[in-house]
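Two complexes, one shared chain (chain A), two partners (chain B, chain C).
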Partner chain A sequence: MFEMTPKMGEFADVEPLSISTGLPDELCEIMYTDEYRELLGIARSLMARGELSERALRLTGRVIDLAPAFYTIWNYRFDILVSLSKDLSNDEKVLRLNEELDWIDEFTLNNPKNYQIWSYKQCILQNHPSPVLKRELPILKFMLDEDTKNYHVWSFRKWCILFFNDFSNELEFADSMVERDVYNNSAWTHRMFILKNLKPTAVEIKTEVEYIMRKINYVPQNISPWTYLRGIYENFLASKYDNNIVEFAKKFTSNVTDLDFEDPNVKLPDIESSYSLEFLAHIYSLQKTTIINAKRAYMGLSSKYDPIRKFYWDSQISRLH
Partner chain B sequence: MASKERGTLLKEKHVRYIESLDKKQDTLEFWLTEHLRINGVYWGLNALCMLRSKDVFNREDLIKFVLGCYVESTGGFAAFPRHDAHLASTLSGIQLLKMYDAIDSLSKSQIDKCVNFIKSNQMKDGSFQGDRFGEVDTRFVYTAISSLSILERLTPEVVDPAVDFILRCYNFDGGFGLCPGAESHAAQVFTCLGTLAVVNRLQDLTKAQVDEIGWWLCERQVPEGGLNGRPSKLPDVCYSWWVLSSLSLIDRLEWIDFEKLRGFILDCQDEKRGGISDRPDNEVDVFHTVFGIAGLSLMGFEDLVPIDPTYCMTYDITNTIKKYPYN
Partner chain C sequence: MHTQFATEKHVKYLKRHLGLLPSSQQSHDVNKMAIIFYSLVSLSAIGIDVAKEYGSSAQWICRHRIALESSGSKVALSGFVGSLTLDIPNTNTVSLPNTLFALLVLRLLKCDEFFCSVRNRETICAFVSTCQVAEDGSFTSVLANKHFLPSPLDASDLRFCFIAVEILCLLGCRKLQDYSKYINVDKLIAYILSQQCDSGGFGSYGEPHAGYTSCALSTLSLLESLACLTDEFKELTLLWLVHRQVSDEGCMQLQCKNPFFDEEDHGGFQGRENKFADTCYAFWCLNSMNILQFNTSATLGTFESAKMYLLSRTQNTIIGGFSKNDVDDPDLYHTCLGVAALKLIEGTFNGVLFLPSAIDVSS
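Right after this comes the complex of A and B.
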């Protein structure tokens, strides 16, 4: 709480606008706390007269602290900032916007779930005379350390990388996130985003495949690296699956695709990874000579290894020919 | 709790729960959610429509509220009177008016201004920003295109670049993200497929893509029955809508195990006070209530009014929308 209400301080000359809507509809009749009512009343009054001042900027900060998702006040804050910095020299503008970035970072740390902040930050960076990626990396790392799959932080990170056109930290960063949680689909997706932009050489792709294989060896029943592996083959290797990768995938399937499914006494063994079986089934389905193996794999998935998607697997079987 | 009997949908309780929502005006959380109020009202009314209880809300009061959210200076709708207009609240406002067959309570020039507001937020690459503030998200493409469709004011100049943008958000794994390259997410899949469906362009997807999308979507069902929004995440009732509507749009709904999903949704009901939560035993809210019911409606359970997966409104309402392309 504040030591004194804003009305008593620098806003003594401002007549707060009523925040009730004037509509008879009871949906709009709202009980506000006194503090919020007073702050918002002043803010509305300043907005109505279009005041773009230092004190208005300070006020938006206080309203945002109370009601962070109130996007109207963010818009107002941005207008104020643009106006206050438009006649500044380049150096002064850098200082001013750096100050704003510091404020944003502190707000972000206190409101980790708020996502409006990221588009606000994009606007500040776009208006900044000399934005620096290095400045952004620590807070991004911190936010993802706290919430490793935060969709908006990952999306903002991608935006930043493209905005600064600097991919140099990214593979290492994505690896550190996979290292921390091998199930983190956001990190795996981020790797694909990087590779697609970096245009890797054949040698680099070979290294990448080995990287995936190590992660799968570590946890075979993990959908993300399997999907990613197939993505690498489709995007960088023209879907040419070599014997090496087939043998690798087979390791986790107890050779179930070699069993005779027509035999009524056949007993399906436990396998280490249904995703490896699915991966194999896809490869097998690409060639006439191995269609029978694909069919067995799908039958296994349908009946034992992933029965909740029975209708999907059955549809795959019916399309084999 | 293997012996626990799978319940039924507690329709009457859910109706009472939604009815109680606008009576909570003295609580802190009520005014902190002002920025979502018009969306909340739409979710509530939509749930009531499926439950055949539309009359629980007062039509005249609601229309007055929605018109109070119309921002004369920009032509969009705000989430609450005297907030700024935003594409997300604009769609909710238009949907609410449509649900009451009251689009004509806007004047011709108000509608024109609204159309201009929506179009003015389209970017060069075909995407839409939520407001002049610049947050780009496939969600806003859907809200923009769907709004224009309900107003029957789509044009190729708006539609074609939007479709191009949506197609660029398709990912290697068969899903769609919030912008090109962003991680696939079930809610984003819906906004992308929904956009294509509204403008009758689902056929722009290749057969192989549709199969991959179907795979990615049905892969969201976890063994316990619920659906998650991304791989290796927990299931959540709202994905019953995002995933099922998407599967329905590409005609692959049957790839989900209906009975198991139904069980998961029903387990998330507050059996005392009504309402549905994201996961069993969590606090209920109107968002998960409407999307849980919508999921059940799409699966044809509980004798609910059928919901249109393209518009997220019941068919009796969406049947009256003139569909694009106009001839």
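Right after this comes the complex of A and C.
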């Protein structure tokens, strides 16, 4: 991997602090490669004496490449960086930390599943004299293109939006991800996170409900927009479900909640979405006059439309009076 | 289709991880304690007497406890490193996860004398205490490099909150006032509550996640503080959890356009909405449901179909172990979580502590 082993190079003066193995009753003894032994020997030695130097910074990069889960090497790297930049002018510090951000991005692209990187990056941005959101967006977009539901990347994106206090790009971004995969729940929860922060007007909420309806019309059997729709009503419309939304949900349920379930000959029709029925059941359960409809919805879910959750639907039925 | 638990294969698979490992495993070197714990807890859950077979390694495990000295060279706190590679002078390398794994291993190996030492207990509790973040009550997993402060560049989330609280529990804390000696419980609970999601479940920034949900509920359970959740939220969380079970019945068949749906996943659990089922989420979801006390005769079907999913879809009956799904090779983490889920279903596993019910943690 390396042309020259570190011992032969700039670390010739460092007495390595060797890893001890082969102890009595040792479990999980690993057959380390020579490269690992040598590199870790030098890293341990430098850490023990607290060397904060350019060469130590380079070494941490090598160790991180070899053992990214080595959590304290990240702390060591950060200490080195802080020490090396403490006497720099503002401009020099910006350059230095930008270099570090470039290094992180390069590492991230090669180690997409590593999640230590995101909190490290947060810390660098917090210490940066003039961080820029625009710098972060391309790598975030790239990471989500590769893995559209990566929890750490979505969380970091939301952290960034709050840190930079810039929500301007986000509804559009969430929409582009929903457009790509309407089932992407991370994109839907991102949209809700943004909307809650934007404090939308009544008109904007009306537009939002229409947006959700279009997505549901496209694919009715999709839990994400139904959950989002309920979230919109609870967060912005005081849970006041209007007739329009009830009629909309009923479209996908073949009016099953109007059937007489007591009739032994009743035949349950096929419906387009169990989530629409569940949504209706919730609304119907809120008012005494519609409890019977709620029961029917749960009975339908239990017996035909979503039977794996039968125990849950049955428990709902028994609680409704 | 295999529906029997391949005991012998799994035992072989697990024991292999405790022996000599190839260099391909060296990227896991720093978290070797996790490998040891996952292997031993699984073997123990399967019924192997690990204290008898591996008890002699207890002293070697104890070598992983590092005492950190404050300026007056007085031992102020201590914790465990995941590997002796991290036993480095003048550097804070102990971590909360490795400390928890080591303590659980010592319990499995019945090394009771470790827990009798007041000094061991007090210095480790002091380490836990130091990892609490003053601003929001959450926990980081490690300290800063040279200072007794939470690491400025570590994540702090529900995983580490759970780990911190279980460590305190294993070291003798039982009641709120015991925990309050070391940590700010009110702030911790406020943090946990801040991670509640609208649709039920817990997660960061409003996106619920089964792993975080299990951590949050387990922490509240250890703190005997589940009552701080409203009945409405518990109800929503239960609904969210039961919805994580993947089904190929009824309307669930109408998902042919969903790129993350596979009808063969029937009975398994996913970690989030519209994702494939995954072995480990059977444990995280069922454990959460147990805590919310929804493991009753009425829910038998739920547990039974999860069991069928694990045994027939992710169990490897040739080399042993469980994989994440039906595509990947088995790995130790998913083997451990698969075994734990099955033993939880059988009722012989304490999901909150993540130990077989038979293991005594009282002394």
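Going forward, the second predicted complex is superposed on the first by the 313 of 321 C-alpha atoms of A that agree within 3 Å, B and C clash if a C-alpha of one lies under 4 Å from a C-alpha of the other, contacts with A are read in each partner's own complex, and residues count from 1 in each chain.
Criterion: a residue touches a chain if its C-beta (ideal position, glycine included) is under 8 Å from a C-beta of that chain, and two chains touch if they have at least 3 such contacts.
From a predicted model like this one, the values you see are computed outputs, not experimental measurements.
Peer 1: Mind checking the superposed model to see whether chain B and chain C fit together on chain A or clash?
Peer 2: clash
Peer 1: Considering only touches as defined above, state whether A:D175 meets chain B (first), chain C (second), both or neither.
Peer 2: A:D175 contacts neither chain B nor chain C.
Peer 1: Would you check which partner chain A:S274 touches, where first means chain B only, second means chain C only, and both and neither mean what they say?
Peer 2: second
Peer 1: Touching A:S224 in the superposition: chain B (first), chain C (second), both, neither?
Peer 2: both
Peer 1: Would you sort A:E10 into first (chain B), second (chain C), both or neither based on which partner it touches?
Peer 2: Touch status of A:E10: no partner.
Peer 1: What's your read, chain B or chain C touching more residues of chain A?
Peer 2: Counting contacted residues of chain A, the larger count belongs to C.
Peer 1: Determine, under the contact definition given at the top, whether A:Y305 touches first (chain B), second (chain C), both, or neither.
Peer 2: The second partner, chain C, only.
Peer 1: Tell me the contact category for A:W74 with respect to chain B and chain C: first, second, both or neither.
Peer 2: Touch status of A:W74: both partners.
Peer 1: With the touch criterion stated at the top, can you tell me which chain A residues are shared between the chain B interface and the chain C interface?
Peer 2: After superposing on chain A, chain A residues 19, 21, 23-33, 36, 44, 67, 69-72, 74-75, 78, 116, 118-120, 122-123, 149, 151, 154-155, 158-159, 183-186, 189-190, 192-193, 196, 222-224, 227, 231, 234-235, 308-312, 315 contact both chain B and chain C.
Peer 1: Quick one: in the complex, what on chain C touches chain A?
Peer 2: 17-23, 25-32, 35-36, 54, 56-57, 59-61, 63, 84-93, 95, 141-142, 144-146, 151-155, 197-199, 204-209, 238-239, 242-243, 245, 247, 249-252, 254-255, 257-261, 266-267, 272-275, 298-299, 301-302, 305
Peer 1: Along chain A, where are the residues that touch chain C in the complex?
Peer 2: Touch residues, chain A against chain C: 17, 19-21, 23-33, 36, 40, 44, 47-50, 66-72, 74-76, 78-79, 115-116, 118-120, 122-123, 149, 151, 154-155, 158-159, 181, 183-186, 189-190, 192-193, 196, 219-224, 227, 230-231, 234-235, 271-275, 301, 304-312, 314-315.
Peer 1: Show which residues of chain A lie in contact with chain B when the two form their complex.
Peer 2: Of all residues in chain A, those touching chain B are 19, 21, 23-33, 36, 44, 67, 69-72, 74-75, 78, 116, 118-120, 122-123, 149, 151, 154-155, 158-159, 183-186, 189-190, 192-193, 196, 222-224, 227-228, 231, 234-235, 308-312, 315.
Peer 1: In their shared complex, at which residues does chain B touch chain A?
Peer 2: 22, 25-28, 30-37, 41, 61-62, 64-65, 68, 78, 80-84, 86, 130-136, 171-173, 177-179, 181-185, 214-215, 218-219, 221-223, 225, 230-233, 254-257, 260
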